[in-house]
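Quick one: the structure is below, questions incoming.
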Amino acid sequence: MIEYLLLAPLLTSILCFFSRTKKQVETISVSGSIITLLLGLTLVVDVYKHEVIVTWQNALFADAFSAYIVLIVSIVGFVASLYSVGYMGHEHKHGIIDDKKLRLYYSLFHIFMFTMLLVGVTNNLGLWIAIEMTTLVSALLMILYSRKSSIEAAWKYMIICTVGITFALFGTILTYFAAVNILGETGDALNWTSLIAVADQFDPTIMKLAFIFILIGYGTKAGLAPMHTWLPDAHSEAPTPVSALLSGVLLNCAMYGIIRFYTIATKSTGEAFTSNLLIIFGLLSLGIAVPFILLQEDYKRLLAYSSVEHMGIIALGIGFGGVFGIFGAILHMFNHAMTKSLMFFGAGNILLKHETKEIFNISGVVKTMPVTGTMFVVGTLAITGSPPFSIFISEFTILAAGFSNGHIGAAVLFLLFIIMIFAGFFNNVSRMVFGNPKPGIEKGDMSRWTLVAMGILMVFIIVLGVYIPTPFYDMIMRVVEIVR
Amino acid sequence: MISQIIISFFQIIIILALSPLLSGIIKKIKAFFQIRKGASIFQPYYDIAKLLRKDSVVSENVSWIFHAAPVISFAAVLTAGLIVPVFISNMPFSFAGDLIAVVYLFALARFFTALASLDAGSSFGGMGGSREMFIASMVEPALMLSIFAVALNVGSTNLSQISQTVSAMGLSAVSPYHLLAFVAFLIIAIAETGRIPVDNPATHLELTMIHEAMILEYSGKQLAIVELGAMVKQLLVFSLLANIFFPWGIADSVGFGSIAIALIVFLIKIIVLGAIIAIIETSTAKWRLFRLPDLLSVSLMLSFLSLVSFIIVKGG
Amino acid sequence: MIYNNLFYGLIIFFLIGAMLSIVFNKRDRLSTYVSFLSAAIASVFGIIFSISVIFGEPFSLSLSGSSFLNFGFFIDRLSAFFILVISISVFAVSIYSIGYTREYYGKKNIGYLGFLYNIFILSMILVVSANNAIMFLIVWELMSVISFFLVIFEHEKPETRKAGFIYIVMTHIGTGFIILSFLILGGASGSFSFESFSAYGSTMPPLLKDLAFLFALIGFGAKAGIVPLHIWLPYAHPAAPSNVSALMSGVMIKTAIYMFIRVFFDFLGADVPWWGFLVFALGAVSALTGIMYAVVEPDIKKMLAFSSIENIGIILLGIGASMIFFASGSPVLSAIAAIAALYHLLNHSIFKGLLFMGAGSILYSTHTKNIEELGGLIKKMPVMALLFLIGVLSISALPPFSGFASEWLLLQSMLLSFNSTDSMIRIVLPVGAAALALTGALAAFCFLKTFGIGFLALPRSEHAEHAKDPNKPMLIGMGIFALLSILLGLLPGYMVTFLDRIVRDFAGASAFDQPFSFGISGILKIPSTAMSISTPAILAIMLIFILILLSMRFIRDPSATRVYETWGCGQPISTARNEYTARAFSKPVQIWFKNIFRPVRELRASYTVSPLIKESFKFEVRVEQIFERYLYTPVVDLMLGKSRTIKHIQTGSIHAYLAYIFGTMVILMLYIIIGGSL
Amino acid sequence: MEEVIFGSNIMQLFIALILVSTFMILGSTRLYSCVRAFGIQSFLLACVATVVGISTGKIDLYIVALLTLIIKAAVIPYIFIYIIREIKVKREIDLYVGISPSLIIGGILVVISYYLIRSISVITELSSFALSASMSLVSIGLFIMISRKKAIMQMLGILIMENGLFLGAISLTNGMPLLVELGIFFDVLIGVLIMGILIFRINKTFETIDTDMLKNLIG
């Protein structure tokens, strides 16, 4: 099962690389991502039935948490591939990229999907390899345009994330060491399930050290402050569909790593240590995002900083702990993925239309692009945590967890920060979206593909804002059980 | 029922009949203090009669408000006249309103007069209206506090109730807080009736006029009503002063004798009050408009002191 | 069963209105009729529903949601009362809107407006009927967001965008505090349902209770517009289309009052004395501040918005008094004060709606909101002027109109403080009454100015010159409100008995209980104190006097009237330029409160040949918004300044970024070493 | 068990030499010598792996040693030299921190690492000199990245960190499972290739590989 899921994007990628026309490559890409999505959903159902699936000599592994990540990756991947058709099609039509680059883009896109799926379904140490691979592939995607700024961003991304990842590897090695001390030198010492089972016997000091390295390492990749510095550059310079994947999914993948290790480390070090660290980093990320969002001039960077903020919120949720906190954090991963992708898609359409990323040079988007503009505004409200959209539910749950678990100061700060972020975010977006359009911008929305992609995400955002379907709820509860 | 309507009717007649007289008396007393001979105390009657015979000159800019205002104002003041006890304490229409309602009825009257002042489009009218409303705004809080001070003593704002209670208490009603409230109310009464030092009813210099500027555009019959309305209001304010603070002698039941006595006592009371006003008018100069808040804060503070001293004396 | 149907009917018609107006959004006229008629029908359902709940049993309905998020409604008499207030307003405003939106035909997307309008009202109704905190927060914010979109409906104008921004930020801050308050309550009661809030809320430890109270006060206060959280209101309400302003000012801010009562009485038990005093003081400050700014404001809609702050203040005086009495153990007095507050709330929703619609009509036919450019409208738009005058008289609390009845009752409820044994209450409440009196007088001043300058004398501009009465639907909408203003003023006794049914539930006593009881019918009376008014009697007496006066031929003799120009010291200067301006009219008040207004005056003269020969003068007077200047601006500046400093960490240098990671590592290492060896 | 292996003289010598090679990189101003020092360091690592392999008898470690030798000691230095030649980069490395201060900081880092590892090993029975060396390598690698301006030196810094981890893995657990080890090698190689591509791109667009120029994305 898992193998097929991993094979699908790889095959799609190869096919994309060897296809001829634009039409062909688009068809292959979209159908490939549909297949990936279907396989992903099948995996989710399977996991739902069998609890845990293990294949390939324990190297591949899927429990509810993995399935959850796979679900996020495949949904966002699917909509991003739809969006790519519209977005890259527009770029192609305007001669910004040629046929060759288009093919390269699609094949890298699917390899990127592959690496992210791998993050979800790999067993422990493989996680490190998979996350490093995501860095490598996405750096390549970033330099597709060979603009000065993209290269700069890609370099920073590459270097900083590799450094981070190296730390994570160190943390992993330490964990392995702690496990080997208990389990002996078997291959099992790297499996989630076997680790969890004996985690409470691990040496706490080593696990503390390991957790610190993991937190810095995957935290770098997840964009937790103060290691987030590469993030705004990378997310704003990547092609927009890739930005969506980076912000919406890749960060979650890194968070996934942190949460996995959090579970293990907590069993050994006690909750106070890990939780406090997560709360500190979470608050720091939220706090750092505030000034940048308040005084932002580039809307893609705005979205990127918002991702820093949301990763902080997830860390905070895990740090607050308890069923509520973890539930909120896990739900937030999904909600953030959907909403942030929507925002990036909207930003992408605006970018295509205006060919500038300066907030000051854009106005009246609702007039020139009514559908995009409306969804962008609604997305803004959603991403800043206004009800009745899904992020509100998860943020509220996290906040409630903070209160009920006694982290009142942190919870109040959290609330303060998100209110400030709301003000900044909304101020910037309303400058772009409302008012009269700048002269020379003609009326008309972007291609249907982009709007359909946004529409699909919109459904998730609104429905999850008022209703959590029971299967989905059960699934998250199972993830919560795994994490606790 | 019939007797009550008769009493009410009688009260209105008395009010209408006495109010020009009060103006005349005040003017006469003022003249006495200024060592002048002064006009007859019946001069206001002559004035009104003369005005009623005259044609009205009406500005071409006005709307129906201008025509309606005197009538509505006059009616509002007369309605207040049915609530304010003059010679009998249990007023038949006292159910229709209390002291607060009287205040608001005066406000209604003032509101329409001030509206009319703006209708002709003259600057003087606007200025008068603005100042009149300004003074009214300053008066209001002090007035409300003094009403509270009075009501605290009696436990009601119903005017009949107040006069009956105070009159039943006799001289024992006189107490520091009673007197404080009286002085506060007196200052308010001066402001409400447009007397020096707040307003000079005798001035004919447009820039210093307040009430007079407001009704500058009126002439003839309409002016007669407006003037009469002002006089009635003045009488009512004095009756309030008299019958809230010194209601002794007021009739508490319908009866020819008691009403006759009550009327005489009432006349004496308002003449005394008129004399007080006249003394104040001759002994002070008109204050600058923007010094008036000070005056009314004095009243406000007096009412507040009255309130506090009541609470202290009566315990609480 | 019938409840269910009525309630569903109400919701369905709003949804139909919303959906159909989107469907027909290309056809202006059709979507106008569909959306607003549908809203009107829904509001009729709302009126019937709420009345039947008030006279019947509380209604509850739970929708099966997931185990995590569940939705349900609980409508007791208090909720029903607010649904009634909303529905009445919506009915009239919807009819008005049919006419008003003609203004936008071809210019704006009416379908979009209709959609937002219907959803907005629906969200308000859901706000007052939610039965748990999460659902409440969702619909509460939905209401805020939709109203935000309505505020920026004319988003082409920069000031509208600014208004919208301030509004949404303030409301968001408010929501933050509400969330805190609910979290405290939720933490204590272990659930987010309102039922458990009211079961456990009052048993919380005092500190938590105080915090929950304060957070709720700030949170809902931001929506209600109590000073100093009011700053959004004078921006947002004028910016919205007038029909929406009527609803925002008339009913939306009242939903916060609903929550005040719900939280303070129902959830927290209202048994802490200082709460009431705080609310009371805030009410007084809001009322005074609101009306002071209203007096000097030349923009009609902005003036009305300030006046809404004032009226919220008045309502809060009532709520505060009610809380004070409640905490001091006099539930009957508490009930009376609460009745007064609710009465005023209902009245305000109607006359403020009427006035906003009037302002909308002025805007519709003159295209200006600036009172200095109006004048003479009473002759150009006679019907509208009459209706507006009724609104003006009501809001100025002049007998026998509605504002008078409720303010009278409020003053009486304060006066009843002499029955209290607590000297604090006996001193504070009269002072509040004095503040209320000042407020009332200034309100009269303010609206006299508005009507006098705006409607009387000569037109001051081209705009006003060509005004004419608005179309029928607009007049009908306003007419309904004008009629209600009169009726509510004339039926104080009935209203009090009606409101008593509602108040009984939360104040724990009926105003009819001994020793106070209200007479029914047209007389409003508190027997033990003999205090009574009867507005019908006042009206009747006045009418009799007026008829007598008019029947006297020698008083009103048309043949004896001569028309001539206005007297101007003998000079024929009867032009609009010589009229008294609104600014001049309000000048005394501005000077009186100059410490608060801090007026800025500028006189600029330009000349061509010599400085002695001036060509033109420009005189400008501005009034300072002190809360903005001294409270909000410094905070925002500080925040932005700090942000600018912090932003330097993103230097662009990869070395610095790596150093951050290095630093983080070192710090955490030290943390481990310290933690590890100790 | 580890104490036995890592306590041996030959092992101590190798580890000391690895540290020395690191200081060679720190103390050098020439790109070539840096690359050469890195090659030596990798070679020494391969030696360490072999020694551990001999003492534990695990065949996995021989494979790892061989791979280290091929990839880290040969291929990667070759890639470096290729890049340096191709883009005709100036041979000096530009520094933020001078050579002597760098060396001093490097020394301090070694001491801190040693102290850190010791303070932990006091509580746990964790070894040892090798681990503190590995810790030093990681921190010095990061320090090199921070203090050197050339993009290519940052790449080198990462590889030094990687080597440090390798040493750590071996010293702690006698190496990771082979599959994982292979994956890491694969990643490192691809990473180096992609960084190489990036360096070429940087050179092409910015006409320098001085990362000081990469400061356009701020705020």
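Assorted remarks:
Each chain gets a letter, A, B, C and D, in the order it is written, and its residues are counted from 1.
Keep in mind that, in the parts below, a contact is a pair of C-beta atoms (placed from the backbone, for glycine too) under 8 Å apart; a residue touches a chain by one contact, two chains touch by 3 or more.
Every value quoted in this text rests on a predicted model; they were computed, and no experiment measured them.
By the document's definition of touch, common neighbours of subunit A and subunit C comprise D. Of all chains, the one whose Cα centroid sits at the greatest distance from that of subunit C is D. Ranked by how close its mean Cα position lies to the mean of all protein Cα atoms, the top chain is C. Interface comparison, B-C versus A-D: the higher count of C-beta contacts falls to B-C.
Here the spacing of subunit B and subunit C, counted between their Cα centres, is 35 Å. Measuring from the averaged C-alpha position of subunit A to that of subunit B gives a distance of 78 Å.
One inter-chain figure worth recording: subunit A and subunit D are separated by 31 Å, centre to centre, where each centre is the mean of the chain's CA atoms. Measuring from the averaged C-alpha position of subunit B to that of subunit D gives a distance of 100 Å. Each of residues 155-156, 159, 163, 167, 205, 209, 232, 292, 295 in subunit A touches at least two other chains. Among the residues of subunit C, those in touch with two or more other chains are 647, 650, 654, 658, 661, 665, 669, 672, 676. Residue numbers of subunit D whose C-beta contacts span two or more other chains: 120, 123, 142, 145, 154, 211, 214, 216-217, 219.
Here, these are the chain pairs in contact: A-C, A-D, B-C, C-D. Subunit C meets subunit A in the complex at residues 65-69, 71, 134, 137-142, 144-145, 152, 155-156, 158, 161, 164-165, 168-169, 172-173, 176, 179-180, 183-184, 186-187, 639-640, 642-647, 649-650, 654, 656-658, 660-661, 663-665, 668-669, 671-672, 675-676. Against subunit D, the residues of subunit A that register as touching in their complex are 59, 125-126, 128-129, 132-133, 135-136, 139-140, 143, 146-149, 151-156, 158-159, 162-163, 166-167, 169-170, 173-174, 176-177, 180, 185, 187, 190, 203, 205-206, 209, 232-233, 236-237, 292, 295-298, 301.
Against subunit C, in their complex, subunit D makes its touches with residues 96, 112, 115-116, 119-120, 122-123, 139, 142-143, 145-147, 149, 154, 211-212, 214-219. Across the interface of their complex, subunit A is touched by residues 120, 123-124, 126, 138, 142, 145, 151, 154-155, 158, 161-162, 165, 168-169, 172-174, 176-177, 179-180, 183-184, 186-187, 190-191, 194-195, 197-198, 201-202, 204-206, 211, 214, 216-217, 219 of subunit D. Of all the residues in subunit C, the ones that touch subunit D in their complex are 647, 650-655, 658-659, 661-662, 665-666, 669, 672-673, 676-677.
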